[in-house]
Structure formats: C-alpha cells, structure tokens
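What follows is a group of structures, each given as structure tokens.
Each of the next two complexes has chain A plus one more chain, namely chain B in the first and chain C in the second.
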Partner chain A sequence: MANPTLIDLVLWVISGWLVIGFLGILTLHKFTFVARVLFPLGGVGGLILALLALRSLNSGVDENRTLPIGLPQLIFHLRLDALSSFFLLVLGVVIFGVSIFSAGYFRNSAGTAPGLLALEFHFFIASMALVLISDDAYVFMVAWESMAMSSYFLVTANHKMPKIRAAGFLYLLVAHIGAIALLLSFGVLQANSGDYTFSNMRIQSLSPFWASVAFVLAVFGFGAKAGILPLHIWLPEAHPAAPSPVSALMSGIMLKIAVYGMLRVSFDLLHIHLWWWGVLLLVLGLGTALFGVIFAAVQSDMKRLLAYSSIENIGLLFSAMGLALLFYSYGMNTIAALALTACLYHVAAHAVFKSLLFLVTGSVLHATGERNLGRLGGLIRFMPWVAWLAFIGVLASSGLPPFSGFVSEWLLLQSFLFTPSLPQPILNMFIPVATASIALTAALAGYAMVKFFGVVFLGQPREEKLNHAQDAGLFEKIGMVWLAVVTLLLGLLPNLTIDLMEPVMRVLVGQGLAGESKSHGWWLLTPISIERASYSPVYFLIGIATAIAFTFILVRILYHARLRRSAPWAGGHAWTNSRMQDTAEGYGQPIRQVFEPFFSMKRQLPKPDDLEPKYEVIVSDKFWEGLYMPVVRLTEFLSALVGRLQRGRISIYLLYSFITLIFLLLLVPGVKI
Partner chain B sequence: MILRQIFLQSIVSGASLLLAPLLMGWVSQLRAWLQNRKGPGILQPYRALHKLFNKDSVMADTASPLFRFAPYLVFGCMVLASAIVPTFSTELPLAKAADAIALVGIFALARIFISLAAMDIGTAFGTLGARREMFVGFLAEPALLMIFFTSSLIAHSTSLITIVHSLTGSSFAIYPSLVFAAFAFILIFLAENARVPVDNPSTHLELTMIHEALILEYSGRHLALLEWAASLKLFAYSSVGIALFLPWGINEAGSDISFLYAIPLFIFKLFSIGILLALIETFSAKMRIFRVPEFLATAFLLAVIGMLTYILLGA
Partner chain C sequence: MTELSIQLINLFASILLLLAFAMLAQRRVINLVHIYAMQGLTVVSATSIVAFVTHQEHLYYSAVMTLALKVFLIPLVLHRLIKRLDIRWDVETLINIPSMMLVGIVLVIFSFNLSLPISKLSTSVTPGTLGIALACVLLSFMMMITRSKALPQVIGFLSMENALVFAATSATYGMPMVVELGIALDVLVGVFILGVFMFQIREQFESLDISHLENLKEE
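So, the complex of A and B:
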C-alpha cells in the first residue's frame, strides 16, 4: 500500500482506538497508565480523524472500500463521502476535547475498573465512526448495535447503584426497539433484491407506499436514538446516571449519529420525497423542541436539565430537517439547502457546546459531589475556570449573538421566512405557527440556561462544603478550553464552516448555496443575497467591543469616583443567608405556572408551624403515566398469562414440545399422518 | 465613501446617545403634568446621570467580575442596538452586521447579562428580579421576533434598512397585517421597557418591581451606565416603532438636503411616541405579576395573527 487513501487512514484511526481499548484490558487496574496515556492517545486519534475529515471535505473525496471480514457472503462495504466526512469532523473535534478531559476526570473508584472503562469508551467512539463510514445495512447495524451496547456499559459504569442499573436498562430497551425499526426499514429499502448495500438501495424504485413505510420506520428508529417525542424518555434518566464525559459523548455525538442516519436515509437512500414526510418531521421536531425546553426550565438536577435541553436541540434539528425535506419535495433545492445548512450548523454547534456543558457538570460534580441545583451556588468564586468556560457554553446554548447557537437559529429562521411560496395553502398557514414556536423555544432556552448558570455558579453557596470546592485539574481544563475555543470560532466564523458544508449539500440536495455566502467577504454571512439578510458576527463583536472600550475609557478619564466594597444590602433585615436566595424550584415556578397542562406535579408544602419546613415539588413527565405505564402494565399482564404455562416440571415441557411438533407436522404440506 | 459612512454612523450613534435621556425626561415630565405635578424638568435624567457618575460605587464583597462587567456590556449592547435601527437615516454601515433577528438577539444578550449579574450577589431581591425579567423576556422576545417577521414578509428581507426602504416606498398604504403587529408592538414596548402596566419605573415596591429589583445592588457609575442603557433601550424601541410603523420622511441614501427635514421630523415622531407612552401610563393601572403572562401572550398571539393575516391576504 504505497499511497494510503483517506478512508484507509480513517480505518487506521478506528483500529487504533480498538487497540487502545484492548490495551486497557491488559492494564485493567493500572489507573495512572490508563488515565494519563490511553485516554490522551485516544484524543489524539480524534484530532487526526478531524484533520482527515477536513482534508476529505476540502478535496471532495468519495472513496469506497470493502473489508473481507464478517460472514462469508456479507463483506463489509465502507464509503467515505462528504456527508460522512462532515460528521466525522464533528466527531473528531468533540472526541479530542472529551478524551483529554477524561484523562483527568475518571477516578479510581468503585464500579467499573479503569481499564475496562477505557475499552468501553474507545469501543464506543470507534463504533460511532464506523456507523458514519458504513455503506451497507449490515455494517451499519453491527456498528449501530455495538455503539448501543458499549454506551450501555458506559452508562452503567457505576453499576453498584440500583437506580443507575434501572436507567441503563431503560436506555437499552429503547435503543433496541429503535434498532428493530431500523432493521425493518432497511429491509423495506432493499426491496426484495436481497442486496443490502446502500448503493443498491439508491437504485431501487419503491412505490410511494413502501417508501413511506421505510421512512416512517426510519423516523421511529433514529428518533428513538435521538430522543424524539415520545421516545425521549431514556435521555433524562441515562444522562444523570452516566459519567460526565460519557454524557458529553452521548449528547454531543451519539444523538447526532441518529441525525446522520436520518439524513442518509431520507435524502440519500430514498429516491422519492413526499411533502408530508417533511411535515411529519417538522411537527415532531417542533413538539419535541418545545417540550424539551419547558422541561429543562423546571429541572432541579443539572444533568437532567442539560438532558432536556438536548431533547430541545434535537427537536430543532429535526424541524430543520423536516423543513428541508418539505422544500426538497417541491423541488425548491436552494431553500432546502439553506434549511439543511441550518441543520448541519446546529449539529456542529450543539455537539461542541453541549459536550462542553456536560464536561462542566462533571467538574462541578467532582469538586462538590452534588448534582442537585438546590445544593450548589456561588461556584464562580471557587472554580473560576470552570465557571467562565461554562459561561461560553451557556451563551452559545441560549442562541445569543455572536455565539454559535445564534448562527444556526438565524439560518433556521431565515429558511422559515422564505416559505410563503409553497404550493399548498394549508402549509403556508402552518409556517407562521411553526416559526412562532421556534422563536418561543429559543427564548425559553435562554431562560433555562440562565437558571443553570445562575443557580450553579452565581449567588451564595447553598452548602457549607462548597466553600472548599477546587477548580478543575489541568487535563480537564485543556479539554474544556478546546471545546470552548471551537464554540467561539463556530460563532465568529460562520462562513468558513458553511463553505465546508458545500459538498455535503451537493450530496444531499444536489446543490449548495451557490457560493452566495462567499460573495461579500468571509466576515459577512449572506445566505441568500445581501438585500435579503446579512449577519456578521465579527462586525457585531467589534461594534460591541468598541462601544464597551470607549465607555470604559471615557468613564475612567472623565470621572474619578472610586469603588468601595461592602456587604450586600440585606433588604432592611439584620442579616441574610444563602437560603434566602431564589431556589432552582423558585426559578422554575413561572414556567410551571404558565405551562401547567404539560406537567404532572406532586407538591409537598410545609405547614406554617413546621419547625423543619420542607418544600418539595416533583415534576414528572406525563408520557410516563399516559403512554409508558399502560405498556408496562400490559406487558406484565401478558407475561403473567404466559407464566401460567410454566409449571417447572420437565414432563409438562416435553408435552409442549410434542404438541408443537404435531402441530407443525400438520402444517407441512405433503405429510400424511 | 467609507469616511462618509463612518461619519454618518457616528452622527447617528452620538445623536441616539444624547437624545435617549431626553426622551426619558420628556416622558417623566409629561407624566408629572398629567398627574397635576410640577415635575423635575425635561433635563432631569442628565442631571441624575452626572450625579451618579461622580459618586463612588459600592459593590458587594462577594461580587464576581461578571457583576462588574455587566453594566458595560449592557450599555454596549444598547449602543449597538440604537446604532443599527434606522432613525433619520438609512445609511448605516453597521446595520449590515446585524439584521432584525440579530437585533432581538442583542436585546436578549443584554437581558441575560443583567439577569445573571442580578443573581451574582445572591440576595433575595436580585434573584427575584432576574427571574421576573427572564419571565417577561421569554414571552416578549418571540413576540418581537414575530412582529419583525411580519414586516420582513412584506419587505422580503430581514434587513432593517430594506424593510424601511420598502415600507417608505409604499406611500401611505396601510397593511392590515401591520395593524396587528403595531398593537402587539405597543404591548411589547411597555413590557420590555419596564413601563406601567407591567412594571413601574418610579417605585421600589417589592411586590411588583422587575427592573428596579435587577439593578438594586448597583450604585455609582455602574448604576449610571445601566440607567443610561435603559433610556437607550427606550430610544431604540421607539426608533423600531417609528421605522416599522411610521417610516415616512426618513432620509434615504443619497440626498443630503433631506436631512434638513428628516431630523426634525424624527424628533417630532419621537416626542409623539413619548406623549402616547405617558398617556398609556397615566390611564392604566399596574397589573398583578401573575397577569403579565396573559398580557404578553396576547401580544404574542397578535403578532402571530399579523403574520397569518399577511399570508392570507398577501398584504
């Protein structure tokens, strides 16, 4: 092999991760080696992968490779095209940050041994990368399942706690129900040809009915992984259970792998596109986004809050995808490309800032041992690094200019504003409502993020032990700084990122944004034309920075008043304490009041004469009671019925086998008894 | 050409910086007159700012750098906001950097910073104010966005300059969709600028206050900056109102002579908005905080109806 192609190099990185994983097995309990050598090595692999993907996006590579492993007739088909390269780039960038962070994060504690953890971790990232380059349903499902399994073991790393085992079980269950749907979807897509390669699926011409069946099954399967309503139920359970770097990977990348699958199936593999598919995705996405953000605003556990916020972001991604599909089905490829650009931009932005925020929760958890917002507070004084890095993530997540979340929100709103030209009047009526819910979601995201940052890092510490909280260690800092820097760059240089997406658009909808984004210079984002809309984060930042600098200098020169420090005003009382601050529950109260029908709440209010007043409110998901519990009860009922057959006596079981055999013989034609 | 643009931009920004406290003073003076009081005079906000800038600033021991930085950022945001909204001229080079959506983003950025700063000290008032401010914001922000979208649909653009161009070009035609948007805008205008019936800028009553609770811990120059930022916000919102609903007579690029009437006309419109605001504030009563969501939801729905109307009627 004189001149290795890019896909070979990608495969080398993937095999490298597997080797690192197995080295972990060999050094099962050598904690220092695993943490300080294996994890950073895996991170370097991520960086190499990102560079390879960048190279592939720039040179427009489309490479195929077959590997003669697996079953005799089923060799592995792999392919590296622009779509997979883009997702590999995001994957590599995030993995570098998370792996470096992990080097300082994992402690030698109870639960899974460090070496085993390294194996699961690297197996997880390797299988995610393999999903992205697979080119037949067989490799796809193998990689998909190993991704689910390895992440299950990672979620249950702390498996001594029953609650974590339960969360892991729920995750595994939903993942497998989704996987079945995917398997069926691929089965429909190959259209009885018996050939499961993606290239074969592309040339099959399915009838609209069967194409819709494949599409709906794919929505179900990928939606279960991504956390689309009502299959979101595992996310808020699994994230608090998992170690923080694992949450970062799951929320940052694994959910995006599901988005990748959805894009691959709906734009690449299916050759016809019906308008109602777009509407289905749009409605599901909007519902999920609004639901997620409302629940995020009322959570009291910081990782649950972020998990619900991930649900919200996945909803936004699906609605962008739905909008693109809707346009694409009517042949409006330019606008479809705009909506898809918004989608992909948000994939990148969310992957980075959400991983950053999950890593932040990890550092906070280590420093304080608390996940509950009600026992945190004031950490900006003890952990300034973590706090300021979290601040960048929070601003990006709230969709504020000039940060990364705003760019995708802006692009998404622009593509919504383009809509009143659809052939269906009823759809045109639906668009303003959809736009309104996107706007509402974005504003509520800010609310939830202010709650997250304000309650954890600002105010007074709500517990005594927080006064001794230590800032993050060196490795943790490097990992988080990397992600924060990428977040800032994504916010400030949208044009460079959108240029990278150009080949991806050509794969998905046949055309990009026609170079319009470049025509006014790298600093000005003009997706359609300069008269229609323009946004320049660099100018924006310069504008604000100049205003601030001028003000600061002028105030200094013209006025010579000093700054005095004193105790805060106690509001006329003799003293204040940290319990007088607003709590996380208090902060969520307006949302609970306004959106009351969404929640099922259990409140416990103290009596006026209580000496130890205890206030408690438990907000739970109506989907548990309304949808999941009936299914659980039905399953239990059916299993009880089936259970009656089990008598525990071997003769009875033999009788069953005998009856079954007779029955089967009756069915076989040509056998006369 | 570039020099001219920079010159114009600084004229506009300087004018808004100086005019903003005047608008605030005008509204308070009018309110005083309507309530049969003598009033402090229209220049009172300048005197207050001067006084505050000269005073020492007292800051809580536990305040973090975020708390110190927030007034400057909020002020910077408001300067930028008033720099990109077309007032009497549409030649604004900075307006390319941020369109209507980004303008809403600027207001949100300022809101989030000041809310976080209020939570920083950890007193009951600050956190209460922060919570209420975000609460008003999460309903007002999408409503404002929808108002912009209605006009964007008319103008086929989200650039504020293009919106003003296309609205002035349409002579005095009244768009039914803009009527809904205008009503929604008035409600948002009151809520976002901490005015009666949502908030009262002239009391410190703990049951009702929002804006004053947020900035309770600030003093001296920081408070001065925040007060100035508040008046700039009022100014920016008034300019948005003028740009969207009363754009006629604005100076479009090219003719310098039309500045002669564009500037007085703008000041006239601004003072008329002040009269409207003072009248509304005098004739309405402050409502309970729990009624605020209904108030804002009305605004939101009106704005959505405006957009729907445009799509139904095409006007």
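So, the complex of A and C:
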C-alpha cells in the first residue's frame, strides 16, 4: 500500500491493540512488562487514533472499506465518516490518558493475571473503535457484543468477591437485553430487504409506524447501554466493582458509544423524523438527569457518586439529542445543529472530565484503600497532585466557567431558549419546565461535586491511616494531567472544538454553526448571533484570574501579610476532632429531605440509652423495588412452575414425549377419533 | 405376489402385536429377553417374505442382519448382562396389568385410525400392517414408561426399534441400506452403552431401580 487511506490506518491501530492484547496473553504473569510496556503502547495507539480522527475531521473524508472476514455471505463493511471520526477522536484522547494511568495503576495482586487484564483492556478499546467504524448491522453487533463481553470481564477483574460477580452479572444481563432490542431494531430498519448494510438501511423508506418501532427499540437498546432511566440500575453497581481505569473507560467512552449509536440510527439511518420521538428522548433524558443527580448527591461511596453523576450526564446528552430531533423534525435545522453541538460538546467534555474523576478515585483508592466518603478527608495535604487535578475535573463537572462542562450546558440552555419558535403550542408550554429542570440538574450537579471534592480532599483526615497516604505515581500523574489539560482546552477553546464538529453537523442535520459561531473572532462564542448570546471563556479566565490575584494581593498587602495560625473560637467545645466535621451523609441530608419521594430509605436510629450509638441510613433506588423485583419474582415463579416438570423420574420424562407424540399425531389431518 | 404371502405377512404382523402386549404384561426380566428374541424372529420372517414376494435383494441382507443382530447377538448380550448383574429371577411389581392392557387397546385403535388414510394411499403388498407397526411402537413406548428398572426399559427401547424396522419393511419395502445399517449400528452401540451404564448405576446405588435417579433433580 503506497498511500494508505485514513480508514486503513484506523484499522491498523485497532489491529495493533489486538496484537498488544495477545502479547499480554503470551506474557501472562510478567507484570512489569505488561504494565510498563504494553499499556503505554496501547496509549500511544490511542494518541495516533486521535490524530487520525482529527485529520479525518479536518479533511472531511468519507471512506468505505470491506473486510473479507466473517461469514461467507456477510463481509465486514466499514466506513469512516465525520460522525465516527468525532467519536474516534474522543475515544483516542481518553484512551491515551487512561492507558498511561493504567500503566501505573494495576497492581500484581488483583484477581485477574496482568496479561489477561491487558488482553481484556485492549480488546475492549479495539471493539469500541470497531463499533464506531462499522457500516453494517452485522459487524456493529459483533463489535457491540465483544465490547459488552470484554467490559464484563474487566468489571469482574476481582472476581473472587461475590458482590463483584453479582454486579458483573447484572451488567451483562442488562447489556444483553439491550442487545436483543438493537438486533430487532436493525431487523426493522432493513425493511425485509435482507441486506443489513447501513447504506441499504438509509435508502429504505419505512412507514411512520415501523420507523417508530425501530426508533423505540433503538432507544431501549442504546438506553440500556447508556443507563437511561429504568435501565440504569447496572451503572451504580458495575462502576464501584470495576477497577478505576475500567470505570473511566466505561463511563467516559462506552456510554458515549451508545450515544453514537443513537445519533447514527435516529439522524442517519432513519429517513423520517417524528416530533414525538424528540419529546420521548427529551422526557427520558430529563428524568434520567434529574434522577441521577439527586442520587449522586446522597451517595456515600465515591465511585457510586460518580456513577450516578454519569447517569445524570447521559440524561443531559439524551435530552440534547431529543431537542435536536424535535427541531429537526420541524425543519429548523440551524437550531437542531445548535442542540446537537451542545450534545456532542458534552460528549467530549464528559468523556474527558469523568474519566479524569474516575482516575482520581483510583489514585485515592490506592493511596488509602477506602471508597467510603465517610472515611476519607483532608487528602489535599498528602496528595496535592491528585487533589488539584480532581479540582479541575470537579469544576468542569459542575458546569462552571471557564471549564468544558459550562460550554456544553450553556449551549444546551441556549438551544432550549429557542423552543418558543416551535409550531406546537403544547410543546411551547411544557418545554420551559424542561429548561427549568436542566437548570436544577446543573445546580445539583455542582452540589454533588462540592460534596465529592470537599469530603475527600478538604477538612481533616477522618482516619488515622490517611496521614500516610502517598501521592499518585508518575504514570498515574501523566495520565491525569493529560486529561486535565484536555478539559482545560475544551473549556478555553470552544470555537475550535465547534469547528471540528462542523462536518458532523453537515452529516447529521445538513448544516453547521461554524459560519456564525466564530464570526466575532476565535475568543468569542456566538452560536446564533451576537445580539442573542455570546460567551468568551478567555474573558472569564482573565476576569477570574484578576479577581483572585487582586484578592491575594489585597490580603497580602493590606491585611496581615502573613498566615496566622491560632485556635479559632471553638463554639464552646472543649476539643474538636475530625469526626466533628461535616460528613457526606450530613452534607447530603437536605437533598435527602427535599427529594424524599425519590428514595426508599431505611433508617436505623439508636436508642437514647445506647452506649455505642450507631446511626445508619440506607438509601436505595425505588426502581429496584418497584420495577425489577416484581419482574424477578415473576421470573422465579414461572421458573418454579417449569421446574415442576422436572420430577427426576425417567418414566415421567418418557410420558411427556409420549403425550406429545400422541397429541401431534392427533393433529394430523384426516385422523378421526 | 400370492395370496398366501400376504396372509403370512398379516399373520406375522399380528404375532408382533401379540408379543408387544405380552411384553407389556410380562413381569420377569428373563422372559422379556425371550419375547424380544421372538419379536426379532418375527421381523426377520416378515422381511424375508416381503423380499421373496417383491424380489428386493437388499431386504434379504436386511433380514440376515436382523437375524444376526436381534435374534442372536443382542439377546446374548442381554443374557450375559442378566447373569452378571444377577437379576435372572428378578420380578418387577407392575401396577394394574388389566388397565394397562385396556390403555394398550385404546392405543391400537388409535394407531389403526391414524394409519388408515396412509394405508389407503399405499401401494405396498400389505397396507394393513402399518397400523400394527405403529401400535407396536406406541406399546413399546408405554412399556418404557411403566417400567421402573433399567433393563426392561432398555428392552422396551429395543422393541420399539423392532417395530420401526417392521413398519419400514412392510409399508415401504425397507429403507435404503445405508440407513438400515446405520440404525443397526446405533442399536448395537446403544445396547453396549446402556449395559455399561447399568453396571455403573448398580455400583452407585446397589440397585438397578431407576427411581434412585430422582435424587438427581434440583431441589
């Protein structure tokens, strides 16, 4: 190949990851080699992939490739277009950070051998990349399922613990139910033509009914992977169970792959767009976002908190997508492009900052061995690197300017403000409510993040052992710094990022924003017009920096000019200790009180005369009791009924076949008894 | 195609049916083996007559093979098995032989009804035998259901196969040779495997009563 095309290079990267994985098998127990050589190599692969995707986005390629592997009649159709390139870019960027981090993170003592872990890890990222470039339902499903399987094995890396096995099983179950829905959806999309390539699905014209069936099935299937409301239950179980880099990948990328699938099906494959699809996505997304953030605010396990926060962000993504679909169905393409830009921006932003935060939990977990917020605290003094990097991630996650989360949420709210122009009066009345709940979600996200950062890093250490916590190692630092830098860049350079999305918008809704968005210079983001709204992160940064510098100087010069350490007024306490500071539970208590109907809570209060008082509150998900347990009970009941058939006696089994035989013979036409 | 040969085939068919009923009612294990051998002999005779009448050469091979396998080899194996397992004088307690017989008669009527439309279309020499063959299959099946020991069940299985071969020869002049060879081999292998299993079962439970297998079910 004299001049390889971009998709070939992408395929080389993917095969490179597979080779790295198999090298891991060959060097199953050589821990140092696997950690110090294979994982960084995979990370470099991610970086190369990101560069390729960047190149592809800039040059606007649309390349097809068929691979003669698979079944005889079913070859692999692959395609690299703007949409897949954008997601590949996000994938590559995050993988570079996570892989480098993993090089320093995995320890030899984990349940799975290091080489095997490397295989699963690289297989996972390779199959995610393959999902993104697949161009027929067959290779899509193959890659999708290998993604589910490899991530299942990664989640159950510490498979010796029954709780982790249970979490893995739940994940696998939901993933498979979702995969069945996807399979059915593709089956409807190919409209009985027998050709499962995406190019064929694009030219099929389905009736509105069947198109809706395909859409709803796709929402179910991709929603199960992404964690949309009734199917979110696996997320808070699987994330704490998985090793932190794996949680980072799953939350950062895998959930986005589901978003990619949803975009691909609803904007690319389906040729008609009904307005109520948008409303469905909007309602599901908003419900998920609100639910996720409320639960995030009351968690006391740091990884569960982040998992619920991921649910919230996925909800935001889906509602942005729903809004775009709504506008698109009414032919308002510019505003649809605005909503989609918000969606894609948040995909990139969330992928990076959530991976960063999960990696932070990994470092904290290694340094302290604790996931429970109630036993952490004050770590900023022992782990300054991790703490400051976490601070960047937390600010981005709370959606504060000038960080990346703000840009996407601001764009989303901007696009919500255009809803009065919709030609449907009922929607015009309801969508302000949706806008309000987006604002509420954003505020509560900030609340949850303050809790995360404040309880883990600030205050006094709640346990003696925290005083010996070590800061992250070199590899871990490099990985996290990379992600933090990308988060900062995403926050500071919104126009450049939106430029990158331009070709994606052209593929999906036919037009982009770039013409308008930078008409007033690269530093000022004006998504629709300068009169309407504008935002400049650079000004914000300068403003914030000036304010801080000013305050600092004022304090230094006008005030004491030195740090004064003295005993504060203790409020009448004879002494204070670290147990007296605000806890995760205490901090979340107002939310628990306000949103009480959302939770099912079990409180255990001590008696007044208890010498060792113990206060416990277990907050659980109502969906579990209300939706899943009845299904579980029904299944168990039916299985028990079927189980009755099993009597253990051969004669009875023979009788079954005998009766079946006689019955079938009776059905033979012409038999008269 | 003489009248006599058709009469003969019909006779053998009815003998087969009679033997099937005899098997259903027989308590003694050793007698079951005898009946099985007689059944084989009947099938052999019927096959040879069909071969003679229709001049189908491969039916002769089939008859010879059946003779060697089902009249001599398998009964011999079963005899040795009985001897080694020492169950020669075992008597099975059967529940309610008369009502079993009645159910058997219902089955015979059922299968005659069932095969009536097929027999009408049939061009073979002996259209009526299909019903009998089917009845024998069902009766053997029923015998397998009602027995609680392993060896009688094996014999029930073998006799079902006999009835099938009979149905094949009398209704359609036999199956292709390859199929017949395959079935014969299957049966032979099946008998050996079941023999081994029986030893294993007895080793494990010190009895051949398969009700012990009930322990295998999930609680």
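Going forward, the second predicted complex is superposed on the first by the 628 of 673 C-alpha atoms of A that agree within 3 Å, B and C clash if a C-alpha of one lies under 4 Å from a C-alpha of the other, contacts with A are read in each partner's own complex, and residues count from 1 in each chain.
Following the convention adopted for this analysis, contacts are C-beta pairs under 8 Å (C-beta built on N, C-alpha and C of every residue); 3 or more make two chains touch, one makes a residue touch a chain.
Note that the coordinates shown come from a computational prediction; the quantities given were computed from them, not determined experimentally.
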After superposition on the shared chain, which partner residues are touched by A:655: those of chain B (first), chain C (second), both, or neither?
-> second
Have a look at where A:643 lands relative to chain B and chain C in the superposition and call it first, second, both or neither.
-> second
Hey, is it chain B or chain C that touches more of chain A?
-> B
Return first, second, both or neither, reflecting whether A:398 touches chain B, chain C, both chains, or no partner chain.
-> first
Once the shared chain is lined up, is A:534 touching chain B (first), chain C (second), both, or neither of them?
-> first
Is A:439 contacted by the first partner chain B, the second partner chain C, both or neither?
-> first
Examine A:209 and indicate which partner it touches, taking first as chain B and second as chain C; both and neither are also allowed.
-> neither
Is A:663 in contact with chain B, with chain C, with both, or with neither (first, second, both, neither)?
-> neither
Which residues would you name on chain A as touching chain B in one complex and chain C in the other?
-> none
Listed in rising order, the residues of chain A that touch chain B in the complex are 377-378, 380-381, 391, 395, 398-401, 406, 409-410, 413-414, 417, 420, 428-429, 431-433, 435-436, 439-440, 442-444, 446-447, 449-450, 453-455, 458-460, 524, 530-536, 538-540, 543-545, 547-548, 551-552, 555, 558-559, 561-571, 576, 578, 580-582, 586-587, 589-590, 593-594
Footprint of chain A on chain B - complex, ascending = 53-64, 66, 72-73, 75-77, 79-80, 83, 94, 96-99, 101-102, 105-106, 108-109, 111-112, 115-116, 119-125, 127-128, 130-132, 134-135, 137-139, 141-142, 145-146, 149, 152-153, 156-159, 162, 216-217, 220-221, 225, 290, 293, 300, 303-304, 307-308, 311-312
Listed in rising order, chain C residues that touch chain A in their complex are 110, 113-114, 117, 138, 141-142, 144-148, 153, 210-211, 213-218
Which residues of chain A touch chain C in their complex?
-> 643, 646-651, 654-655, 658, 661-662, 665, 668, 670-673
